[in-house]
Amino acid sequence: MLYFVLKFWVKGGQVLWMKAVIIMGSKSDLDYCRKIAENLSEFGISSILRVASAHKTPQKVLEIIKEYEKDDVVFVTVAGRSNALSGFVDANTVRPVIASPPYSDRFAGMDILSSIRMPSGVAPLLVMEAENTALAVAKIAALTDEKVRERVKNYQDRKKGKIYKADEELG
Amino acid sequence: MLYFVLKFWVKGGQVLWMKAVIIMGSKSDLDYCRKIAENLSEFGISSILRVASAHKTPQKVLEIIKEYEKDDVVFVTVAGRSNALSGFVDANTVRPVIASPPYSDRFAGMDILSSIRMPSGVAPLLVMEAENTALAVAKIAALTDEKVRERVKNYQDRKKGKIYKADEELG
Amino acid sequence: MLYFVLKFWVKGGQVLWMKAVIIMGSKSDLDYCRKIAENLSEFGISSILRVASAHKTPQKVLEIIKEYEKDDVVFVTVAGRSNALSGFVDANTVRPVIASPPYSDRFAGMDILSSIRMPSGVAPLLVMEAENTALAVAKIAALTDEKVRERVKNYQDRKKGKIYKADEELG
Amino acid sequence: MLYFVLKFWVKGGQVLWMKAVIIMGSKSDLDYCRKIAENLSEFGISSILRVASAHKTPQKVLEIIKEYEKDDVVFVTVAGRSNALSGFVDANTVRPVIASPPYSDRFAGMDILSSIRMPSGVAPLLVMEAENTALAVAKIAALTDEKVRERVKNYQDRKKGKIYKADEELG
Amino acid sequence: MLYFVLKFWVKGGQVLWMKAVIIMGSKSDLDYCRKIAENLSEFGISSILRVASAHKTPQKVLEIIKEYEKDDVVFVTVAGRSNALSGFVDANTVRPVIASPPYSDRFAGMDILSSIRMPSGVAPLLVMEAENTALAVAKIAALTDEKVRERVKNYQDRKKGKIYKADEELG
Amino acid sequence: MLYFVLKFWVKGGQVLWMKAVIIMGSKSDLDYCRKIAENLSEFGISSILRVASAHKTPQKVLEIIKEYEKDDVVFVTVAGRSNALSGFVDANTVRPVIASPPYSDRFAGMDILSSIRMPSGVAPLLVMEAENTALAVAKIAALTDEKVRERVKNYQDRKKGKIYKADEELG
Amino acid sequence: MLYFVLKFWVKGGQVLWMKAVIIMGSKSDLDYCRKIAENLSEFGISSILRVASAHKTPQKVLEIIKEYEKDDVVFVTVAGRSNALSGFVDANTVRPVIASPPYSDRFAGMDILSSIRMPSGVAPLLVMEAENTALAVAKIAALTDEKVRERVKNYQDRKKGKIYKADEELG
Amino acid sequence: MLYFVLKFWVKGGQVLWMKAVIIMGSKSDLDYCRKIAENLSEFGISSILRVASAHKTPQKVLEIIKEYEKDDVVFVTVAGRSNALSGFVDANTVRPVIASPPYSDRFAGMDILSSIRMPSGVAPLLVMEAENTALAVAKIAALTDEKVRERVKNYQDRKKGKIYKADEELG
């Protein structure tokens, strides 16, 4: 009991709840990023949307990292084509970085490799599609936030429920 | 000050420190998994090695999940070929799951897609190679563990230092 | 003569005729599965349509397997993206499993590898497209059911006939 | 009881037990085919090894089909490169055909597509690697042969057992 | 002089002029084949259109080969997906065989490999697209037919002329 | 009868027998080209080996074309990497051109596309591997040379015979 | 000495400044080439548009090279499919050659390899898309032309500015 | 005016001639970079070797750019895997950037796409292999340096000469 009181106090007093900092390399991915944010909000996770390019405005990316990494954040990097952003952010922060590159059918989607083939010591985590990106962030947030954990559980249960329901409707 | 005392006490009293549960689909990936564990230990993160197949022993996988997910764990799933394990574990736990499939040159490494192309509501996080896998786990652990955070910082600094040193040696 | 009488009696008394259990991982593949069922019905083979996900509802998949595998059935598994379902079903039943993943143009269709690159001891059989899936099931059913065998023969003859007719029309 | 007696008599009198006819397109795949046969013998299934090319000796392939298809057989077709054999055999028999092309690293293994991209009405079933090919055949044989079914069950149990044992050894 | 008289007489008396036998595996490629034929007619080469499947009606393919190969013909084989037809025809005739598979975007067009990866002793010649297929046939016909040779020359000159004209129009 | 006498005389008097002009883009493919020539000699076809690069020495390529195209020749172009040679030769001669690029495992062999993806009006014919290249040339030569035709027939028969023999040895 | 004075004078008078010679292999790429030219004009670089095919009109390509290479030019070669043009131009001029092949989705864009896989001693520089092609040319021109250098700087600053503005608008 | 005199003097004295700044992302590519430098020295072009990572030490990369870009330099960026370095350098300098990624057979070499798929306004120029990289740099240097131009011409002539010699040796 004391544990929960203390925990509330400690955390409550500091607004430590995890949030997601979504950095997109170009404004053209704004819709995709908003979809991540909307899905995050359903897990009770707030998110910040930023535009910055590792290629063109690296200083700005570094400033964004500095601005947020003192808080408990997960960075979500959204960049298509040759994805420099994800590795760049990851190498310059101690915070977890989730790479969520929008799919492009150019070259059969093989741009994805630029999000995976990282040098040693650079380890962004890849996940595809907005909804799954939000889920992955939520699971990390859930490590320290029971409410999010419950919402993840409920979300997963709803997904299972849909399958059960779909199966019944066929019967 | 009080904050840190309380935090230590709360956590210290409960052995809450993050650990990694590394599940491999086959014993043949044991060396790869041990390398992840060794790298994790350098971040001060303990890990548990388990063998279970989502295809052949799904109940065992579910038991392993149940055994550990009440603790603050990150699951690391190591399976080559058609990787069912990562999505299977992810869908059945609220804990984060990191998919770390060993590279195979069959079909030009395209087995990787089986770790990425997840259905809605299933979101394991992909990272390649043992050392980077450990780093990614450590960054998640670092969210709640300052010591790990420092070790991640030091690790990243050493990586940067190597580059500076290599550059100087060329001069 | 006696042979056929006995055979009828033995089989007739037990309603042993082969049927297909079509499990789809998601309701979104329902049309595809119905097309398989329709094609199967032309071979006189009844089929059961079920929805269950190896990732999200593995217990349900196992229950479906248990429910049907005591009969003479062939399982048809229909799942796109990273196909865990086919290997999962195959590893948990002694019955033949046919993987029939709908084509997706993402990543140039290379999701197909997740239906092929099975670990040792897991051997779902891959075939593409609904009509051919039904034919493959029918050929297995035909091993023990002469009527189906005749229908397969007729079907193949009609296919050949179409080619002969097309050739004549060009003359 | 009567059932089994009759069944034995009916079948026993006709040597109807399923067997596998393994057709290789070239002698160079003999080792691979022998490995399939060896694995089949562990399931109590006998197999016949034949060499014939759909390209160069189609009449011979057709004769082999005619020679065996009156029995309860499964054809296993083993051909690399552009695999015409599997579709050719499948289109010319009512019996199930399993395509088991040996992997080649030329063109990143994409020869596999020639075993999959069949026209309408041609439906060989793809499985890779010798051991899994034998298992797939055995599961079809097991539909009508309880002894094979038991062996498949035992085989699957041994595979599961290996995983349990591997997991224990790590403990 | 005598040479040309004799040559005319010998050839003229026997209607030896090369023709193309275009075999399509399915009626669905009729438009494509007609386009080849139209292009051939511009080179003064007549063509015959036939439908036959190496998979489903191999005997018919063999009959077509026998029907025409006594004449000076080039076979053009048009089959998409897994192209068994081209190798099948080539292996069963001494006449040249040109494989002209229509492009399909399934699997990023990699069906093309099934037209290329031939076993030893089977050597259909690949060319893509209807117009280029006709040109390739014409060049073979041109070896023995001066009129066709002139038409090929004229055709090539027209192609060059188009480029010169396009360049001038930009000036 | 008169026909054959005349034909012999006409041809015999002019040494018109088809020959192959093998142009390699680089000396590094000499072994491969020699293998083609050796295989050609078994069909009684002489060949000429030349080195010239469409990129670096286009004038030389044009001179080689001019030197030989007045005779009844088939050009065989052997160039790896980005194969400019085959299309270049084809566009500048009325003679048939066979592209025979040696396989390279770089980029999964996809250099092959540079031998296939020709513009309109350029139509080299692709075949892979030295022996099959020789066979394809021989079939074209066989159109006008009965002796070559017989040798092709014998060659094909030997290939078939090998399969029959291999099959018997297994019996 | 006089040479440099003259050169200054000529340059001062604005005659010799670097220009781009854009050679397209086919008129069908005219729009793409015009877009390059328009982008170049924004950097103050004039460009010349020419049509010539390395396959079909190599002499014309050589003439174009000779016509312009005495000036300070960069060649831009625009050819899809199997790109022989870029390597051909590069091997026949001392001037830099930039290959800018328009993307085609055939074969998952792998035509690109024909612009990259050059033999030793042939080194066209690849860049994709019209705007980036112009930028790359401009950077080379900027080596000797301060005005272009300023325009490149301004262009880059505008690109950065857009990102800053997009980020602010989200705030 | 004085400027040009000085420039002449400086150039005449051989100080300012174009040089190449070769930045490698990791020391592991040192041999490859040295080979570029050796080839450059044959064109009379000096080069500077530096180690810096766009991911891990972006500030260092920016400092290197600043250190050299005031001179007439071409940057050569050498980075495998996901190549962030080339685009990063290009976006932060007005100088030309040549991306020369060493080939890796992982994922069939498709890492190359990370050097090509640049966002708008980022345009490094791709070339493969050390020798060709040096040639491409030399051609740019040759725009302003007649001596280099002569060496390029001689180099190209030697390459042509090798082909002529190889051809003669076959005769």
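Going in written order, the chains are labelled A, B, C, D, E, F, G and H, and every chain counts its residues from 1.
Operating definition for what follows: contacts are C-beta pairs under 8 Å (C-beta built on N, C-alpha and C of every residue); 3 or more make two chains touch, one makes a residue touch a chain.
Please read all numbers here as calculations on a predicted model, not as lab measurements.
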Next item on the list: Name, by label, each chain that touches both members of the pair chain C and chain G.
Entry: A, E
Next item on the list: Using residue numbers, check each pair in G-H, A-C or B-C against D-E and return the one sharing over half of the contact pairs.
Entry: B-C
Item checked: Pair exhibiting more inter-chain C-beta contacts, A-C or B-C -> B-C
Notebook entry, point to check: Which whole number of Å gives the spacing of the CA centres of chain C and chain D?
Noted result: 17
Margin query: Roughly how far is chain A from chain H, centre to centre by C-alpha average, rounded to an integer in Å?
Written below: 38
Item checked: Per-residue overlap in chain B, given as positions that touch at least 2 other chains -> 26, 53, 56, 91, 105-108, 110, 112, 116-118, 121-122, 156, 159
Next item on the list: By the touch definition up top, name every chain pair that qualifies.
Entry: A-B, A-C, A-G, A-H, B-C, B-D, B-H, C-D, C-E, D-E, D-F, E-F, E-G, F-G, F-H, G-H
Margin query: Can you tell me which positions in chain H touch chain F when the two form their complex?
Written below: 103, 105, 108-110, 112, 156, 159-160, 162-164, 166-167, 170
Check: In the complex of these two chains, what residues of chain C are touching chain D?
Finding: 3, 6-7, 9-10, 18, 72, 74, 91, 94-98, 112, 116-118, 120-129, 131-133, 135-136, 139-140, 142-144, 149, 152-153, 155-156, 159
Next item on the list: Write out the stretch or stretches of chain H touching chain B in their complex.
Entry: 26-27, 30, 49-53, 56-57, 60, 105-108, 110
Check: For chain E, which residues count as touching chain D in their complex?
Finding: 25-26, 53-56, 58, 62, 81-84, 87-88, 90-92, 106-107, 110-111, 113-119, 121-122
